[in-house]
Amino acid sequence: MSTTSALKLQDLKKNFGKAEIIRGVSLDIGESERHAIIGPNGAGKSTLFNLITGRFPPTSGKVFLHGHDLAGKAPFEINRMGLSRSFQITNIFPKMTVFENVRCALLWAEGYRYSFWNIVNRASHLADATDEILAQINLTERRELPAGVLSYAEQRALEIGITIAGGADVIMLDEPTAGMSHSETDYIVDLIRKVTVGKTLIMVEHDMGVVFGLADRISVLVYGEIIATGKPEEVRANAKVQEAYLGAALEAEH
Amino acid sequence: MTDITQKSTATPAMTMGNTLPWILAAAFLFIAPIIFSSNSAITIMNQMGITMVFALAYNMLLGQGGMLSFGHAVYMGVGGFACVHVMNMTDLFEKMPLPVLPIVGGLVGMLFAIAIGSFSTRKAGTVFAMISLGVGELVAACSVIIVVFFGGEEGVSGDRTYGMPFFGIEFLRQIEVYYLTSFWLLVSALLMFLFSRTPVGRMANAVRDNPERAEFLGYSARWVRFYSFVASGFFCGIAGGLFAINFEILTEENLNLATSGGILLMTFLGGAGFFFGPVLGVVTFVLLQTVLGLQTELWALYVGALFLATVMFFPGGLSGLIMMHVTPMRLGKLNRLYVPYLKVFVPAIIGTLSLCGFIEILFHARHAALGEDEMTIFWTTFSSHAILPWIITIVVAVGGIWLAKQSAPELNEAWHDANTPDGGAR
Amino acid sequence: MDLVLVNLIDGLVTGLLLFMLSAGLTLIFSMMGVLNFAHASFYMLGAYFAYQISIYLGFWMGLLIAPPLVGLLGAGVERYGLRRVHQYGHVPELIFTFGLALLIEEVVQFIWGRNAMPYMEPEILQFTAFSIAGNSIPAYKIFMIFTSVAIFIALLFVLTRTRVGMIIQAALSYPRTVEALGHNVPLVFMGVFGVGTALAGVAGVIAGPVLTTFPGMAVVLGSIVFVTIVIGGLGSLWGALVASLLIGWLTTFAKAYNIRMEDILTGVGFTKPEVIWDSMWQDLWSLTSPQIADILPYLLMVLILVFRPYGLFGKRDV
Amino acid sequence: MHNTVRYGLGAALAMSVSATALFADTVKIAFIDPLSGPFAATGTNGLNQFQFAAETLVNDKGGVLDGDTFEVLGFDNKISPKESLIQLQVAIDQGVRYVVQGNSSGVANALTDAIDKHNRRNPDSQVLFLNYSAVDPALTNEKCNFWHFRFDGHADMKMDALTDVIAQDDSIKKVYVIGQDYSFGKAVGSAAQSMLAEKRPDIEIVGNELHPIGKVKDFTPYARKIQASEADAVITGNWGADMYGLGKSILDNGFEGPIYTYYAAADGMTAAFGEAGKDSIRLISEGAQNPPPTPQAAEYIEAFKAKYPDGNVSQSRITNTIEMLAKAIEEAGTATDVQKVAAALEGMEHETMWGGTVYMRPEDHQAIQNMHVFVHTNDDITYDYDNSGYGMLTESTIENAGADTPTTCDMKRPS
């Protein structure tokens, strides 16, 4: 692991009213690491995710991105610092075309900002970059269709495309394979592996199978606390994890 | 569906397909006054042109930014008032060619939009709508209180001809104003179209569809809304300036809720989903208002009903209705729709007209002067107190609508068929 | 001092009337997310229906029959209009109700004409209940106060003590969950819309004789009603009540006392310019509170939305 | 309403051939006032009165010049200044040379300004503006122009007459003035204040205030204030719903003194006030009906009521407008050269069927005529309003009211 961490969580806590959802999570994720956070339903995975990406403010604790404190930063500011996320529920621009979806994701990173003197249609490099990403996520064929009419797996692929398009070096994916069939899952996992080369990836997953082939390290979140962190094999061997999660979940799923 | 915004083209530069509509529009604007040459026709066309600029600017918010404003007349009005005041500053105005004046209106409209937008665009949806309503009411109320700027009830008037002659043109005649308005209409429409192609314009669409996602793309939804709002304010101000030039007077009417509501009505009628929708809406509305207004006192009733029907059945408006047919046309199956269309719309139209006839008879029977039983509708003259016309209209209305309803499933099927490529569904 | 009491009563009447409208609207708004622009139009229909009925059957039958009629009409509008538009999203819904308001006004003018209707208080209530310093408080106003308070209590009872009320309350806070629990949400929607419009109808029936029954009565009250619920906070019946009373008293007192801007400005320490005519500030200096009384609620709303977007009592964003 | 009178934009759009050629046999008069929307009742009744007056007072008597007849065309301006200007253009295109308008001073201001500009810019299609009801004093003072003639007394003249009457009433010691917050309301307020101060310095103005126009839901707080001020009389220039709301609140609050108004009659208002307003509501206006001033007037009203049972002869100045226009055309010998017609109208004296003489003052084109203060009652009413049994009974008459009111008009006559 490198010395500077890409993302660092410091005793992060979140209460909703009286309910403690996240009870003190500390985590250090290195550059170019693929890190998975797993845990049973209701463990607080999505909440943790939303705390990191600034959607909810934490009750206490801190998040550092490349050593910078994220406290009080709006989502768009966090994004500009190099973190990009996807959503658990498909979150795209349904009325715009597939091409437009990806191109919008590229705009800020390509330095267009709030300009109203550039005509995006004329920027051929923008169109090229968009087409490149479309090719990566295999949606070139669907280019001109409104995103809302794509199939579920295609929408998820598009979502990943939007997430990586901005060129962020820290990519966070929230259950990218939720609700998919096996073949669709394999397809998405391959896609994730392909598009996150050289980037830091943090993904929240429910499905163990997805994570084992993909992640460098795994953290297990149970009732708002991380009970184990380590290489996939280590985690698999961990007794506490076996007890809290794997036993029941694996049996249920396989 | 009907809300798909403009198709993006991969081609980097403007192509023939992109410029052709603009050339056609310019050509049409150029020859229109030769066909409709009377002064009143030109006056109405001026009015249409100004409203088109306003409606297009309004649609930058409604259609492209997803912001529903109930007080947008304010930005046009304020820009217009500023222009009239410039007209009255003789020293300045003498050195200023009239065609430049709308820019003043635009800048003032923009400044005002910056002031209001700084807090109103923080949220979209209902918060934005309610703030726009509140600000609209406040400014409209101020128009009678702040007499210095708004001139109270009688408004502020000026004289456009006191400006510096522009290549010898003094804008004495309506036709000269027409070409001035047309020029600005084209320029503004083109600029607004190009705006929708800029990063902010594109992101406005993204923010409209999904503000949260847009935030995670590095854009602040609030600032994207703000820039759209300011740009819209600028073009509203241009429209206000053109109004000042054409009518040479601005009054409370230019600020009030009725005007704001009217522009919403026209924009929605034309269809907010497409760039040209508002233009269509303005033309339709003005024609309806004049042609129907000529025929019947009840025109507002019919327009209201038509508007409701549009919202209920064709939420994409007229432009949405037209664009719906692009897919069948591409598939070459438009011809399969002709017969079902005839089967539904002929009885439906006849039924609706009969219903209107019935309403007219009722209205006439109740409100006409004593001894004036005679009335004429649909080129037939009869007595509104006789029983036969009542029966005829009711029977035809009910029958027509019933027939249309009977044929509706068939149309539905045909529509589905026409929209599905041959050889299996996707 | 006596006048303060009189104004308190007047403000109370105005506020409670507003409350009857805003109570229905806030229910509809928070359940369905629809800002019903036509709400005040149903209020107007209430007045016109009651007038028509009162010609034949007298005022009391009007009070009894007109509100259910209006409610039925409202339920019909929900069932055959709004529900259809619902699928297109909130903006078309709003626009639908906006168009509906226009249409209702036109229809009312078509049926009853454009002049004011001679819709009167029942004779039994045409006397002065009591006088304060020469100002008579008509018995009818007392009747209005009692009716609206009774409606408020009844509403509160239904919402907090009955099963239907529980469902509605739950739907106010967690619309999706309630649907997930298997309740027939469309039916609940239709019911709430019907009851909400019926409440507006009651307000129309009892306000018609006092505030004149004419085609513009919806427009005059229209937007103030949303202002009320926005200020009060969405989904909060108490918020609607407090905001209604606040607006009622605010406007009444602003009209009743000539608070002059000149006094305020001098009080703050400005000196009035000698040559005031044609000065930019002339209009500001000569401003008085009655001039702006009826636009104060809008100002209040804008301020509230800027600083506290969920209103006085609301729990969630507008 | 018959469709034949509804000319308008459609024809203008359809016919590209400009229709400037005047028909020799008709004199077209454009009536530009609201014919739809909230003020349609007033506008339609006005149009009916104009058409009836043109028919009975001119056409049935052989027309003007060589049998030319008057034709009054209705143009719906939806009480909007913008729409009025469009309709003006349409009317001019259809060969109209005479425009009549009355509802809303805002519209009148826009029209007089537009007509002045039009006549300067288009000397071959000049038009005259015969204002029958818009009473903003400015129209015949600082904003006067050669093309505008007013047949109604303006706000200050009416106030002059009204204060003459009030000055004679010793029981009035305190007066409350209230009006709508716009130019006319303000004009009424300041005129009342200055004129009463001059004629009856002992009268105290206990209130002089403005309320937002068309926005007030409930006038009760104002009524309370009036009561608390112990005023003996109220003066208001309110019209429409604001007049009714204010009057009703004041009466409901137990006020018993006179309420002097400009517009509290006809168009449903008389019926709505009914018993409550009896002997309380006063009206300052020209053109008495009860008792009928002349047999012609009685005959005219009866004929009108026979044709329009729901209508009112509420604006008697309309007959003066039509008759004086006919006379001026005869005198000028032309209906097309409106400069000559205008010159003939200047200084014209006209014996009106409503009693007395109407004099068109050349300095400012303001009609000088008898003004009356009426009381709302059902006693001794020959011709009621709104078929309500209630009508306006003449209480006092001011001969040639305001004949000596000064004008700031600097009339610029075309050379």
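By letter and in written order, the chains are A, B, C and D; residue numbering begins at 1 in each of them.
In this text, a contact is a pair of C-beta atoms (placed from the backbone, for glycine too) under 8 Å apart; a residue touches a chain by one contact, two chains touch by 3 or more.
Keep in mind the model is a prediction, meaning the values are calculated, not measured.
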Chains contacting each of chain A and chain B, listed by label: none
Chain located farthest away, centre of chain A as origin (C-alpha): D
Central chain (by mean CA position): B
Selected pair, greater C-beta contact count between B-D and B-C: B-D
Distance between the centres, which are taken as Cα means, of chain C and chain B, whole angstrom: 31
Inter-centroid spacing, chain C versus chain A (mean Cα positions, whole Å): 48
Centroid distance [mean C-alpha coordinates] between chain D and chain C, Å: 36
Chain B: positions in contact with at least two other chains: 141, 145, 300, 367
Contacts with 2+ other chains: residues of chain D: 40, 181, 212, 215
Chain C, residues touching no fewer than two other chains: 113, 291-292, 294-295
Pairs of chains in contact (touch as defined earlier), listed by label: A-B, B-C, B-D, C-D
In the complex, chain D residues that touch chain C: 38-41, 181, 209-212, 214-218, 220-222, 224-225, 227-228, 241, 244-245, 248, 252-254, 267-269, 271-272, 274
Sites on chain B touched by chain C in the complex: 62, 66, 68, 119, 123, 125-127, 129-131, 133-135, 137-138, 141, 145-148, 257, 261, 264-265, 268, 298, 300-301, 304-305, 307-308, 311-312, 315, 359, 363, 367
Chain A residues touching chain B - in the complex, by the definition given at the top: 53, 74-76, 79-80, 84-85, 87, 91-97, 99-100, 103-105, 107-109, 112-124, 127, 131, 144, 146, 162, 166
Touching residues on chain C, where the partner in the complex is chain B: 35, 81, 84-85, 88, 90-92, 94-96, 98-100, 102-103, 106-107, 109-110, 113, 223, 226-227, 230, 278, 280, 282-284, 287, 291-292, 294-295, 298-299, 301-302, 305-306, 309, 317-318
Touch list for chain B against partner chain D, complex: 35-41, 43-44, 47, 141, 144-145, 152-155, 157, 159, 161, 172-174, 243, 247-249, 251-254, 290-291, 293-295, 297, 299-300, 364, 367-372, 374-376
